[in-house]
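Chain naming follows the written order as A, B, C and D, and within any one chain the residues start at number 1.
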Amino acid sequence: MMIVMTPGASTEQIDAVRERLATTGVHVVVMPGELTTAIGAIGDPQGVAELGLEGLPGVDRVVPISRPYKLASSELSHHAPSVFDIAGRTVGGGTTFTLIAGPCTVETRTQTLSVAQAVKEAGASMLRGGAFKPRTSPFAFSGLGVEGLQILAEAREATGLPVVTELLNGVHADAVAEYADVVQIGARNMQNYALLEVAGKLGKPVLLKRGLSSTLDELLMAADYILKEGNERVVLCERGIRTFETATRFTLDLGAVPWLKLHTHLPVIVDPSHAAGDRRLVEPMSRAAAAVGADGIIVEVHEDPEAALCDGPQALYASSFAEYARDVAAHAGLLGKTLA
Amino acid sequence: MMIVMTPGASTEQIDAVRERLATTGVHVVVMPGELTTAIGAIGDPQGVAELGLEGLPGVDRVVPISRPYKLASSELSHHAPSVFDIAGRTVGGGTTFTLIAGPCTVETRTQTLSVAQAVKEAGASMLRGGAFKPRTSPFAFSGLGVEGLQILAEAREATGLPVVTELLNGVHADAVAEYADVVQIGARNMQNYALLEVAGKLGKPVLLKRGLSSTLDELLMAADYILKEGNERVVLCERGIRTFETATRFTLDLGAVPWLKLHTHLPVIVDPSHAAGDRRLVEPMSRAAAAVGADGIIVEVHEDPEAALCDGPQALYASSFAEYARDVAAHAGLLGKTLA
Amino acid sequence: MMIVMTPGASTEQIDAVRERLATTGVHVVVMPGELTTAIGAIGDPQGVAELGLEGLPGVDRVVPISRPYKLASSELSHHAPSVFDIAGRTVGGGTTFTLIAGPCTVETRTQTLSVAQAVKEAGASMLRGGAFKPRTSPFAFSGLGVEGLQILAEAREATGLPVVTELLNGVHADAVAEYADVVQIGARNMQNYALLEVAGKLGKPVLLKRGLSSTLDELLMAADYILKEGNERVVLCERGIRTFETATRFTLDLGAVPWLKLHTHLPVIVDPSHAAGDRRLVEPMSRAAAAVGADGIIVEVHEDPEAALCDGPQALYASSFAEYARDVAAHAGLLGKTLA
Amino acid sequence: MMIVMTPGASTEQIDAVRERLATTGVHVVVMPGELTTAIGAIGDPQGVAELGLEGLPGVDRVVPISRPYKLASSELSHHAPSVFDIAGRTVGGGTTFTLIAGPCTVETRTQTLSVAQAVKEAGASMLRGGAFKPRTSPFAFSGLGVEGLQILAEAREATGLPVVTELLNGVHADAVAEYADVVQIGARNMQNYALLEVAGKLGKPVLLKRGLSSTLDELLMAADYILKEGNERVVLCERGIRTFETATRFTLDLGAVPWLKLHTHLPVIVDPSHAAGDRRLVEPMSRAAAAVGADGIIVEVHEDPEAALCDGPQALYASSFAEYARDVAAHAGLLGKTLA
């Protein structure tokens, strides 16, 4: 940590900071500048942060030197990108592209099996589908629950596609773990630390979506919550952040992908559907996700989007999904990747 | 709902929208304009929203006419502001100002009793304190748990102040309900709908903090989740939103208070501590909260902020809290309010 | 426009709105709903907006039906994408990709000629370079001025590349028009309407950058300012918006590109350099811009970025620019485009 | 400046940074930490910033130690708040509150004189009014120009109130300086550096509005542009920033006021009208501005807001302005201030 004093800080104030730092055992370097004195504190950033030095007289700011995440850091923990297997598919590592597709919500057995078959034939790597849905309004459809999980499992039987589904609440953890191949943590729960710990302990790969107002540092700190449970198979997902722009539902932050590639070893995929909120934007944004270097995409597909119970306007038509998959795969192919 | 067609929409496209609307039983009014045709759909906005018309050819946008919350609406549900009793204090209604103060976290019995005594003497209405703490980093102190709740209860015994504490996880619901007078839902859980329903069923007043990237419409929809459980004692809390400005930790949206007063009957309080992140800003922002018409404030106070385990730099000194309370109360007094 | 009344609006209040609308000659349709009455006003949205109905008793909101831009609208003005010639290069229209490259600032004659030669050989379509630079701090280097323009003209002579440079201030308009092939309006001036009108009158193509907190609707309204001067050659440029995320300098809003393609006939290019602020992110973001369907890219290149007077960390190395151009062109090629 | 290396930076990379720093003559301190080496560079932050070290191999980030503004800094330039006279009114300094009121736009002579009289009688300190108006749409009313300035001057004659009006374009500088007592720079021009320099040279006090997506650091850097012309009478104005929240037109950042009071000696006022966009919110937000410690308010008032050519819904009624002024002054009074 570096403690920056105000220009007018007195020697006594500087000494007071130095003394408090000394209590934590860190190495202290005082750097008197022309205008401002800065004090470097080397070692134990957590300990220094907890001193709360920002409140001391003469202190202007406390600036962290180290980044705040550890296990997710490519610099501290892994020096090569993580590559792992999910039910026979290779995720991460730069040679595969994981195309996860399926309905927003499992509505019926027929609908789910039919979409699963369509995305399988188009080359998708995994099947997505929601059994428990978070809804902004308490009066909207909130999913089939365990029955939805069973339908997803049946679709896996039929197609061989591993199943990705959201864990919304710790009380469903066992059921989700029983049926799912990948446990998704939704954007609204990215900082629900209790749920992250539960997910970390299930022994299943976890797909962690970025919170809609979470910084990338916070995303990696949230990944640390899962990784510290000993679960190494964590996949990050950029899905759009909330900004002043409302032309699209959220602002898809594709620059986050190469930034994350610099700072974490974890695979990174993109969800273009929720950010777009409009299917006409989903295909271009998916091509861009492949071109920017994402390890995959998670996208919503429906046989009859106009009849969908949830987020129909952003769902791709199952009938044109094969063409979509081909176009996206072509961009991934330029980076040397094939569909997982 | 109003469906706005693109300028080039064909008669067939307009008819297709009309026909889909007809299936929901709403009354349909077609308004052909110079450039654009708009189609009004009167009745059952939820049903129309679920049609997903945004995806149909020729449709530009679907614009809601009604606001999306119901039970929290001052226009639909209550025509007068809600006023209710919390352990002998009157909250809401324009004649009282609820000053809730205490430490960020319960650290020790001594610290908690001592702060409780100080805020009580300064005229505070209730005692706040965290027993379970959400922490961004998995390696930081996360609270004393049930022992913290017991200490808070002891502080209530000693001072008579009702206790406000956060419910972080459904598994602690019974413990929190046993010891707390007001159950707080934190900003990160504002859209944790499962937790909102749990909180709604406990029979205790709920203090609902605005999510750090939640719109006011979403705050009121979250309140609906609690209200629909039959719990009428919900207090809203503005605590700062995430914006591009990082000079303060969050941007306190004080304009939200009079906006909420126009649109909801629920009491609205302000948390200036978390938005400021710096105690030197807390007093001015507290005065402003009183002046803008809030029904109260929830603020962090510590005997020795430099030694606090959590958020010390934003905690007020217990030794100067009486002066602070007097200043804030003077502004509330200009609006005809006295400390609850 | 649609005027939405509050749920409790009285008949008198509804009538008052109707009467004020009548004064503008628009056609009025009253739609009484279950909860809320909406009043459609058909025709003359500008006239209705100027009534300021939001302030009338019983009015909840005034919702525009038509979009607020006209000349830039693909729906109102052109039904096909605009395609035009800039000094022999075809811009827009889906068959070409315009790669504009060069230094942030013209520093010296040698530097500029050398970079111009490098980008020319790599296949760039145009040369960019700043002669007048807006700088956040009044104490930083602000460009060579007219001498910089002359150096750019000399580089055009040497390479045949048309020159793109920024017009920062109306007083330089004649000088910029004399030397430049394309006049750039920077992000900070997107709503400097006086400058937009000056630029519109110069008879040169205009490259209009999105303001860093401007909505896409506002970008198109700004384009209208130029288009109404009779200048049809306007190119829009997405360059990143300001959001809470500071990991990258700005958040590049690539979803804006396909959205703009739906709503305007104007060509759209992307500036990845300023959003990234870090050259390691520029190539992936450039590939994504090509894949998402942009008509081109404007990017900063320097022979020796470590010695650049301005924005060195985001400049690509001239020595590796050919490889960069090849990679980006490959993604554009999948969409059927070749370098202009 | 502090240069933070990546955890894996090599000794050679650290040396390379040290050598480049040495070229600027700054004093260099290398601080090897457990995970990360940090390098302090003491002296000449501008010179170090221009090295562009962020692009060098092994460099993670470059973190400024000093704040980027100088003349506006309370820590570097003035150790006491600036207090100055504007046409007989004292601005700044903690004993006066400057209430600036008047119409958004000068529409007619009669309207302007009438409003001026009303606000004068209610105790206003100065008269505001726009002669040149920036309008988002090129088809909207853009002010009376010089005729508007003359009307304002006549209103000053009649009431004795100094006149505040916006300078929108350098070509009007002489006219504005001739008629105005305070030259306003609008939010959209906060980073129009050419205009700031023009304004700085006019010899008139300048009211500088915060850009709608400008940080407070940037506001103070913009003030430096004016101050460096030798003009010491600069008043800052918080007027709301653009955020994701659209319930209010902008988000008024009242926490900015006490933050600015800590970091600059310049007076700070608040414009509640443009942020609110709805007159029902203007009075509460004005009271809050007084309570938070602002040195004044600039607010829009109209005799007949429903007939206003510009921003009618946010204008206060002239008929109730006296009551408004009394309420706001009461809150300022609690801080020891009387109307200027």
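In this section, a residue touches a chain if its C-beta (ideal position, glycine included) is under 8 Å from a C-beta of that chain, and two chains touch if they have at least 3 such contacts.
Note that the structure is a prediction, hence the values are computed from the model and not measured.
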item	value
Furthest chain, CA centroid comparison against chain C	B
Which of A-C and B-C has more C-beta contact pairs	A-C
Distance between chain centroids, defined by C-alpha means - chain A, chain B (Å)	26
Between chain B and chain C, centroid-to-centroid distance (C-alpha), Å	38
Centre-to-centre distance between chain C and chain A (centres being mean Cα positions), rounded to whole Å	30
Chain B residues counted as touching two or more neighbouring chains	213, 242-244, 246
In the complex, chain B residues that touch chain C	2, 4, 6-8, 29, 31-36, 38, 40, 42-43, 60, 63, 65-67, 73, 75-76, 79, 213, 242-244, 246
Touching residues on chain B, where the partner in the complex is chain A	20, 46, 50-56, 68, 70, 134-141, 168-171, 188-189, 191-194, 211-213, 218, 221, 224-225, 228, 242, 277-279, 305-306, 308-309, 311-315
Complex contact set, residues of chain C against chain A	213, 215-217, 240-241, 243-248, 251-259, 261-262, 275-276, 280-281, 284-285, 287-293, 327, 330-331, 334
